[in-house]
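The data blocks that follow each hold one structure.
Two complexes follow with chain A in common, the first pairing it with chain B and the second with chain C.
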Partner chain A sequence: MRLPLPRRAVLAAAVIGFAVLPPAGANPYFIYIANLGLVYVLLAIGLNMLIGYAGQLAFANAALFGIGAYATGLLRVDHGLPFFLAFPAGVAVATAIGVVIALPALRLRGLYLALASIAFAQFCLWAFVHWERVTYGAGGVRLPRLSFAPLPVSVEVGIYYLTLGLVVLMSWLAWNMLRSRVGRALVALRESEVAASALAIDLTRYKAYAFGVSAMFAGVAGGLFSALLGIVTPETFDLYQVVSHFAMVVVGGIGSLWGAIIGAALLVGLQEVLRAFRELQEIAFGALILFTVLFMPSGLIAFIKRFASGWDEPLRRTEGDR
Partner chain B sequence: MLPFLLVSGLTTGALYALVAIGLVLVYRSTTHINFAHGELFMVGGFLAYTGVVILGWPYVPSLILAVIGTFILGIVSDRAIFRPLIHAPGLSMVLATVGFSFLLKGIGRLLWGGRGEFTSMPPIVDPSPIFLAGLPILPQQLVVLAAAVACMLALAAFFRGTTAGKSMQATAESTRASYLVGIRVERVYMYTWGAGAAIAAVAGCFMAPLTLLSPDIGFNLLLKAFAATILGGLGSMGGAVVGGFAVGIIESLAGGYVYTAFQDVSAFIVIIAVLVLRPQGLFGTRPAREA
Partner chain C sequence: MTKLSLQKVSVAFGGLKALEDVTMSVPAGEIRGVIGPNGAGKTTLLNVVTGVNQPDTGDVQLDGASIRGLKTSQIAARGLGRTFQTSKMFKGMTVLENVMTGLHGFLKAEPWTAALNFKRVRDEERDAAAKSRAILDFVGMRQFEDYDASDLSFGQQRVIEIARALIGEPKVLLLDEPAVGLSAVRVDELDRLLRRIRDEKGVTIVMIEHVVQLVMGVCDRITVLNSGRVIAEGGAEDVARHPAVVEAYLGRAIGAAAAAGAGHA
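Let's turn to the complex of A and B:
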């Protein structure tokens, strides 16, 4: 049986639900968790575009997230830029670095790309810790408090609405991009690079595009994350961060936009429940990845699609065709 | 200073080579990279620690405990995780090994993590340095070097001289052809995952007294082993050995002459530089295989 669960209604309900949290008197901790969940939605969507749609197995997402956070934070601290200038500049830096690392990555495929990008991620982590003149080293950068002065909202609520607005905007952008010629080109090069180039798809251009867009999502998430936490520390962007992004994408559903959103929301919740027990977080994330890969390779979204109508997505791999 | 740096580079290099050999063994047979290899190393080290420190056993039985324990762990992981994915795309295997590594790390932290940030392990042999041609050398370093070389020779003999070793190479060359000539590919894979885990444990047992143990050591070591395998050419056993020694010496020299913190980062730079400039590695002859 299929439930009548129209996607538009669910989406509208979700957005409205998030939007009324602060006026409904949710406590600050709950708003913080909701905000964190929204930041991870951006990360998961960006990573899913790269892995799920373009088929590029790269581990650099956490590093670009860190670069976005550091660039935004450092521009504010060292150059006194206001947040609303530093944030777009930080996103631009992350995007630019994403495109630049794509250039050598264009020569690499499969496992080789995975290894090179994981080395890049560790290199960035090392730079965050040891390039003390710029990054302030292992202690991290403490950021000045934000202010949404003319608007009658507190800082926390202001960041929350900014994040929510950007998530809605960028999910919409991603949805439209994936439905367009670009999305089709990315999927074509995922399925077969030879066939894609035979169809006159410029591999170099579209791969660079995928890396750039994915880096832009990570950069936006990084800038918002720095504002949300008020401090940027290197160990935030370690291997745990890399794997948690992967877990979100995999558990939600590789190659599905809705899957990324569901996976991010679910795993941020789980992470908060297990906040005090790092070993249990690791066990839970590892076990969830294994369970998903073994028993439901299309992720949670496959269940929703089976039991509710109207959730089909453009360019989505069908069941059983993995 | 140079001879001293070379000696310490050779010792760590021997360990990197040993870890890299385990990676290459699994890659050669299954064409998958085991991202959980570092965590198997960690588990091996902690099993030896359990034997020596917690149970108070001598060193050799503890080593055997660690090797047998991880061998079983490797076989169980094959039956539970990797065999069901035998026909799945490469991406699923990467994700599965990453998930498995996190699972092991969490379990390691749960079992052994409550003992402070780092856990130290008593030395195998007398820790005071001996002097060879005026060079201070730790006997521990000589033991590590000897053990690593012995493992490498044993593996080389195994691949050349035994049917099992040849079957492993055959499955790597072509799964389909191996089935056709009657090789039980699934069984070969199972023993490969077990053997890879056991080699990781041997490295873990010898490394533990030299450095310190923590549930997080696995990943860093895995990256060093990646650097070694990539430098030597992915899939080449001899290349991994030379690559391991090279990475150890590069690290040691970079740390000694350039800047101390460079020691940690040189392996990543090696990986990126080799992959960008010469993806087939120094000794790889076949073109970079898509996985």
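Let's turn to the complex of A and C:
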């Protein structure tokens, strides 16, 4: 007997729970952590589209996250654009770069794609640090304070609601995409390229879509992240960032939209608990990935599906589904 | 009228000539068998027709138009359906979703229209599901629509793969050893299904097969390949008695070779 814990009710409760934090008087630090968790939800969903659904083992997500953050921040600082113009422009830059790196990546598979994308991530990190004329170098770039005037909210609360709104919107967009022929084409691509193309699926086009969509999610996350922190620094987008996104997807459930959300929330929470010990964070994330791969390869979402009903989703059958 | 034809097609992998000067033409409404010992080039023949391998020389035509040099996905969109020697069901998808994937070329959704949940995307999804259920009914697998690929027996997976190819309304359906590993009863069912696909859907079929019972029973004509060359072509009786065929199978009865082949997936 599975618990009647329908997804709609849980999601509605979660959104309402997040929405009432500020008026309920949660302290600013708690709101900041909740906001960070929401940013990572976007990153995890985007990465899951690429790795989990389309099966492209690429690790460029952290770099694209950085590109979104830098582009948004620099457009404000250097070109004086208001945030509400700089942000979509930053997303467009990240998406465009995501599609451009997809072009060479289209020829690479498996391990080679993984290696090439890690090289790209390292190159971006290097550029963030050393391309000082543009990025302001190792010290990072400090951003002007945002203002949500004339809305009657503080900057922190404004960014928080903006993030929450975008998480709801973009989860919905992702969900819709997955339950159409686009989602099926991505999974077909993952399972067998030759069988997918025998069903008239254009591999090049759908790989480019997968890279573009995940880059767009990373870009949105980056723009919000820059606003949330008020500063963009290069070391934020290092290998640790790469590993965290990957850990969220794996722990939550590869190829599951809800899994990505759960994984992001859980790991941001864990990261905060271990905030004082960065080495411990890395070990904990590594251990969690290992544990999941060995004992729970379908991720936490499979566990939830086993004990609660109503969590079926398109393109994902696990033992928990029946 | 000729549906599918190959003219003097040759394919080499390095020094190995997998196909040499292969010419064959399959008229509309025929079920054509392709047999030959292991490594004869049968799968390569399907790969070259579907654009997975490019012919070094020669031409491939579908409905009289050359499809040589097109991408596999373009060839599929022009009306070539295919199944594979090993199961290529998409895991994670339900049986219904697998079959719906076969409709890809008929649907219009793009990431942005799908993401924004346009009405026409919702409508096409509803129609796609209905069409897929109808095809599942046609192959007698409707009750499994919610199963995952990995919950099905090997034989059931093969039938779903046929349904997945069939829903794209192919002019020609290419099957690579559909009966491999099936029990005699299942082979009978497959025999009936293939006839219904030809008669009720009007699909021309080219089938690679080692299982003699099926090849001899259902095929209108049989093409025999050996070492990349066509060594015989004709009705079942003629081919079985053809001296070159007997020699190709080293004097063994075709059945013995078939048994060996059936174990090889």
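Throughout what follows, the second predicted complex is superposed on the first by the 317 of 322 C-alpha atoms of A that agree within 3 Å, B and C clash if a C-alpha of one lies under 4 Å from a C-alpha of the other, contacts with A are read in each partner's own complex, and residues count from 1 in each chain.
Keep in mind that, in the parts below, a residue touches a chain if its C-beta (ideal position, glycine included) is under 8 Å from a C-beta of that chain, and two chains touch if they have at least 3 such contacts.
Note that the coordinates shown come from a computational prediction; the quantities given were computed from them, not determined experimentally.
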item	value
Partner chain(s) touched by A:198 [first = chain B, second = chain C, both, neither]	second
Partner chain in contact with A:285 - chain B first, chain C second, else both or neither	first
First (chain B), second (chain C), both or neither touched by A:40	neither
Touched partner set for A:123, first chain B, second chain C, both or neither	first
Which superposed partner A:115 touches (first chain B, second chain C, both, neither)	first
Partner chain in contact with A:243 - chain B first, chain C second, else both or neither	first
Partner chain(s) touched by A:136 [first = chain B, second = chain C, both, neither]	neither
Contacts of A:83 with chain B and chain C, given as first, second, both or neither	neither
Touching residues (chain side chain A, partner chain C) in the complex	172-174, 176-177, 179-185, 187-188, 191-192, 194-203, 209, 212-213, 255, 314-317, 321
Chain A-facing residues of chain C, complex	50, 52, 71-74, 76-77, 80-82, 84, 88-94, 97, 100-105, 107, 109-111, 114-117, 121, 124-125, 128, 148, 164-165, 168
Residues of chain A defined as touching chain B within the complex	51, 57, 104, 107-112, 114-116, 118-120, 122-123, 126, 130, 239, 243, 246-247, 250, 254, 278-290, 293-294, 297, 322
Contact footprint of chain A on chain B as seen in their complex	33, 81, 84-85, 88-92, 94-96, 98-107, 109-110, 113, 215, 219, 223, 226-227, 230, 234, 261, 264-265, 267-269, 271-272, 275-276, 279, 288, 290-291
